[in-house]
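Look for subunit A in each of the two complexes below; its partner is subunit B in the first and subunit C in the second.
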Partner chain A sequence: MSNLFDLLVAGLATGAIYALVAVGFTLLWQTSQTINFAQGEFVMLPAFLMLATMHAGAPFWLAIILGILLSMILLGLAFKMLLVDPMMRHGVLPLAIATMALAIGIKEAVKQFFSAEASPFPSIVPTGDISILGHAVSLQSIGVLVLAILAVFGLTSLLNRTSLGHQMQAAAQNPTVARIIGVPVERMILLTFLINAFLVALASLLITPIYLAKFSSGEVLGQAAFIAAIVGGFNQVRGAIAGGLLIGVLDNLAAAYVSTQYRAAVPMIFLIAVILFRPQGLLGRAEERTV
Partner chain B sequence: MSGFAKPLKIALGLIVIAGLIIVPMNFNRYGLFILSQWAVMSIAAMGLNLTLGYAGQVSLAQGAFVGIGAYAAAIMTTQGWPLPAAIVVAIVLSFAVGWVLGYPALRVQHHYLAFVTLAFSTLAFLVFRNESWLTGGIYGISNIPRPHIFGIATNKPLPFYYVCLGSLAIVSLAVWWLIRSPWGRAFMALRENPLRAQSLGVDTRRYTLMAFAIGSALGGIAGALYAPLTQYIDPVPFNLSLSLDLLMMVIVGGAGFYFGPFLGAMIAVLLPEWLRFTEGYYLMLYAVAVMLLLIWSPTGILGILDRYLAERRTKAASALRAVAKSRLETVQ
Partner chain C sequence: MKSTLVAGALLAFATATSVHAQAIKLADVAELSGGGATVGTNWKNGIDLAIEEINAKGGVLGRKLEVSHADSQSNPGVARAQVQKALDAEPYVLLGPGYSGSVKVTAPLAAEAGIAQIMGGEAAELTQAGNKFLFRTSFGQQSSMPKVAKYIHDDMKAKTVAVVWVNNDFGRGGRDVVVKELDRLGSKVVADLSTEAGQADFAADVGKIKAANPDAVFVYLNEEESARILKELKRQGVTAPLMGETTLIGQKVIELAGDAANGARGHVGLTTDAPVDLIKTFRDKFAKKYNYVPDHNGLKGYLAVYMVKATTEKMGKVDSKAFADTLHGLTIKAADEPGILMDVTFSETGDIDRQSFLVEVVEGKQVVKQVLPKVK
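Presenting the complex of A and B:
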């Protein structure tokens, strides 16, 4: 049973990171109908931004701050102004394709300007094990889980308890009416892009020490986040969180109990089943228009 | 393209076809390989254009069908079967699988459908990689023979390029006929307004499945040509990124335009090659070019042409109206 416990903890830790990425993904979808195929690359890039500032001589804490700021400028502000704004009114598909091209661009840029090899990345959580209920659990898993839960908790309180959060929800649910009652919809959309950039930077900080910084590491992450978002419910933040945790655990259990060869198939089959039998996601609301 | 006069269009078409036949005659091996790849990818993109551009069903699985066709051809021809037989099997197989994949489209649409097909694409890749008794696993299948067509061996690059080009021509004609048939109109009705199509008596269920199946079958043909083109296949080329590339080709060329896939495949296959002189930067420049193009014209390259022609027609029409009006005024 100790094996199962370890798997669950590790699964929840990766799942929490998936949840961060998936939440950002659903935020962009809700406010601007952006399906961001570059979301995985968005997670991969901040780690390299932090590495670059460290190579320039900055200490780790400063690199983290600069990395997060740079990601918010590049992946939040610039992404919205340069790519999303001009294309938003032309429908979902061209923009989705443009983000696919963006994914290729980011990957190639990192390969060219940094390195094609995987680089190690320092962990903000101390390594080592602690003992919980007689099980040795890695501090890293616990730390990742705690930080991710804090971030998600902070975000949900922002969305549900503050006026700003209510304005953001209004802008997402009905932009026209929101505009009429005086919500600055454009600014709210920009804010969700900045929040997404912050979340992916945080996810990058948490996941890169585990999987190393590599230009291609976004592919798997992006897919996991898509699946988490859909499984949980494309139009619900708490759905994305549940989906992320579920996919993380499922992935780890599948690796141990199904087969390493078909491990990647388990979340996919689960995804197909959810879409076919409960397309609005496990926690989502039905959208009459799209389903 | 209705803005051009008909003889001009025919002349333009003949020049392009003649160019595709004559110009590559003194190309080197690599140039011919790239051009053959363009022809093969055009076929696959044309299939996706049927599913997506005409029938409006988003699919992220076209790459998987290219894979199915490629493995069918590779397995059969290495066992001594002729390529045409393998192509028939590839068509039947991808048609059947495509038909089954169409069922989710009856239930969900748009991005949900995109993700179902995306998941299918990943599953297909896992099967190619893991079922090594059939597909050779990660080692793939090598020594795939090229066919003899009318007794002529096509081992050399130039004859095989003509095989690809000829297949492209046959598929193009078939698709041309299909989209002008009542079927093509039913597909477009499905895209524009499924409810209205249904109330007009179009069997939307059957046509949705058909749109998937036929589009996938064209992907299978492309795969069956891809295997003898590279003469070695492994699972890597048929992963999700091929499906995404094919989708990009269709959108960049112009979804729902007959010539869109040809242009899109040209951009996706040839542009990176032309940019090779920039070495490590070529894919980056390619990505930037695609983004700029889509920002400029979200309907793709043919969207630009279409808008330009529409504008010219409007101008011509308003000029005619102005003339007519001034005449009326002089009469009064």
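Presenting the complex of A and C:
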């Protein structure tokens, strides 16, 4: 039982990070029909930006701020203007393929300019344990979970309770009508790209101390988050959150109770089942688009 | 005027050809990217340092050494293709790869070409297939694992042990020997956990270790995965003593795992922290050239080149066909060839006999706790 509790906590902590990344997937899809197959690499890169800043002499806190800002410029603004906008007019598929090429490019660039070896990355959450219901739970797991939940809560509040959020929803649901009623649709789309960049930078900050900074670490994350987004519902932020948490827990339970070798297969089988029996995702709605 | 120019060009060509012909060509295929990048990069840097030293002192039998480096991408399939390409260039000796799986698929190619292969793999089976051209730079698992099992049983007094291993040739080979030895000594394996190469998340595996509540944990993974599991063991508060091999307590693992590596122990065939003057000198030279302290793979690459030098000088000629026969049964003493760092004897199977060390990580540094002498 104690083992199950530990597995659930660890699974939720990892799942919360998947959720952050999966939310980014859904945001980009909703507002610009961008399926970003470089999303995993988007999580890997900010850690290296922060490391580079630290190597240049910046303290960790400053490296975090600069890393997030640089990520928003490179993975938000530049990504939209240099890749998404020019490719968008050619359709969804060429854009998706372009993001695959971008993923390879980012990986190779990090390998070339940084290193093919893994690097350590400091944790913003202190090590140690706290007792919950008589179980020792690591502060790191709790910290990751809390920060990820706060980020998601902040995002949903922004979307549902502010005028800006409502404009974003309008731009996603019906851009033509949104334009007629005066919503600056282009600016709203850019905002979702910046939010996505912020979320992946935060995910990077939380996951890299555990997974280590390595050029290839985005592969696992990108795949897990993509599955999470589809399982939860590609057209719902809350679906992506649920999908992320579910995949994180499922992955850990599969590794513990099925087999480590087949752990990666279990979420895939689950994904196939969802596509077959509930293609809109667990919390998604058919034929609806909203953020 | 025209004939002078032609004569000059011919002379330049002849000189260049002569210099080129005089160089002894070595080929290195190593894990320069992918999961084994730490292994391959250290190995390559060790090779380059040794060659630079040897060439600065006039080379081997008056001829300079040259090496070509190829990247296996830590992938046995790529390693095989790279080794075939390297062998097509007819090198004097083949160096690498470092991963046992890559060695396993490339060794038949080198043997078929009659070229000696000096490699970094440690899987027990590599030298048990009757290959007369394959040589180790470090202990095989059949030599090191019995020492590990004995330490777990006798010194750690562990009655129950969790064994965590990576599901590849290296991990499986070590796991098989250590489980057998632990069983023979009377320590019970209460958790036998296979993990995947490149695995990022060890929460579930550590959860299983916690549930098994062993007296000791034996960890046998590659370097990066070792660092990740050390962090996870600390994160989940596992307090059982940790024992491993070189891959658990190497410099790169300590750098990656930070505090989580403290207290981990390991049997080490080679360590740059060994209380041996020649190794200390090597460590200083390496750190000066590359700005970091190498792990045992740096030592292995360095030793591989000095094995070439010592064997060639023993033959008194550069003869790739006779190289393997000469190295079999050869003892190289550090007093005669300082580059070999410690006295070493090569068996007829290509295995080595050399003193080894028991190391513990204390405050982020390897501390040698015991020196284990040569077997023979």
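Everything that follows uses one rule, which is that the second predicted complex is superposed on the first by the 287 of 291 C-alpha atoms of A that agree within 3 Å, B and C clash if a C-alpha of one lies under 4 Å from a C-alpha of the other, contacts with A are read in each partner's own complex, and residues count from 1 in each chain.
In this text, a residue touches a chain if its C-beta (ideal position, glycine included) is under 8 Å from a C-beta of that chain, and two chains touch if they have at least 3 such contacts.
What you are looking at is a predicted structure, and each value in this text was computed from that prediction instead of being measured.
S.K.: Between subunit B (first) and subunit C (second), which does A:Gln261 come into contact with in this model arrangement: first, second, both, or neither?
M.R.: both
S.K.: One more residue to check, A:Val177. First (subunit B), second (subunit C), both or neither?
M.R.: neither
S.K.: So, does A:Ile210 touch the first partner subunit B, the second partner subunit C, both, or neither?
M.R.: In the superposition, A:Ile210 touches subunit C alone.
S.K.: A:Glu117 contacts which: subunit B (first), subunit C (second), both, neither?
M.R.: second
S.K.: Looking at the overlay, does A:Phe234 come into contact with subunit B only (first), subunit C only (second), both, or neither?
M.R.: first
S.K.: Is A:Ala78 contacted by the first partner subunit B, the second partner subunit C, both or neither?
M.R.: Neither: A:Ala78 stays clear of subunit B and subunit C.
S.K.: For A:Val146, decide between first (touching subunit B), second (touching subunit C), both and neither.
M.R.: neither
S.K.: Examine A:Val220 and indicate which partner it touches, taking first as subunit B and second as subunit C; both and neither are also allowed.
M.R.: second
S.K.: With the touch criterion stated at the top, can you tell me which subunit A residues are shared between the subunit B interface and the subunit C interface?
M.R.: 111, 261
S.K.: If you look only at subunit A, which of its residues touch subunit C in the complex?
M.R.: Answer in residue numbers: 2-3, 6-7, 10-11, 14, 111, 115-120, 127, 129, 136, 138, 140-141, 209-212, 214, 216-217, 220, 251-256, 260-261, 263.
S.K.: Over in the complex, which subunit B residues touch subunit A? Could you list them?
M.R.: Those in contact with subunit A are residues 58, 104, 107-112, 114-116, 118-120, 122-123, 126, 129-130, 240, 244, 247-248, 251-252, 255, 280-281, 283-284, 286-288, 290-291, 294-295, 298-299.
S.K.: Give every residue of subunit C touching subunit A within the complex, in rising order.
M.R.: 32-34, 37-38, 41, 167, 193-196, 198-201, 203-205, 207-208, 210-211, 224, 227-228, 231-232, 234-237, 252, 255-259
S.K.: Going by the contact rule set out above, which residues of subunit A touch subunit B in the complex?
M.R.: 35, 37, 83, 86-87, 90-98, 100-102, 104-105, 108-109, 111-112, 223, 226-227, 230, 234, 261-262, 264-265, 268-269, 271-272, 275-276, 279, 290-291
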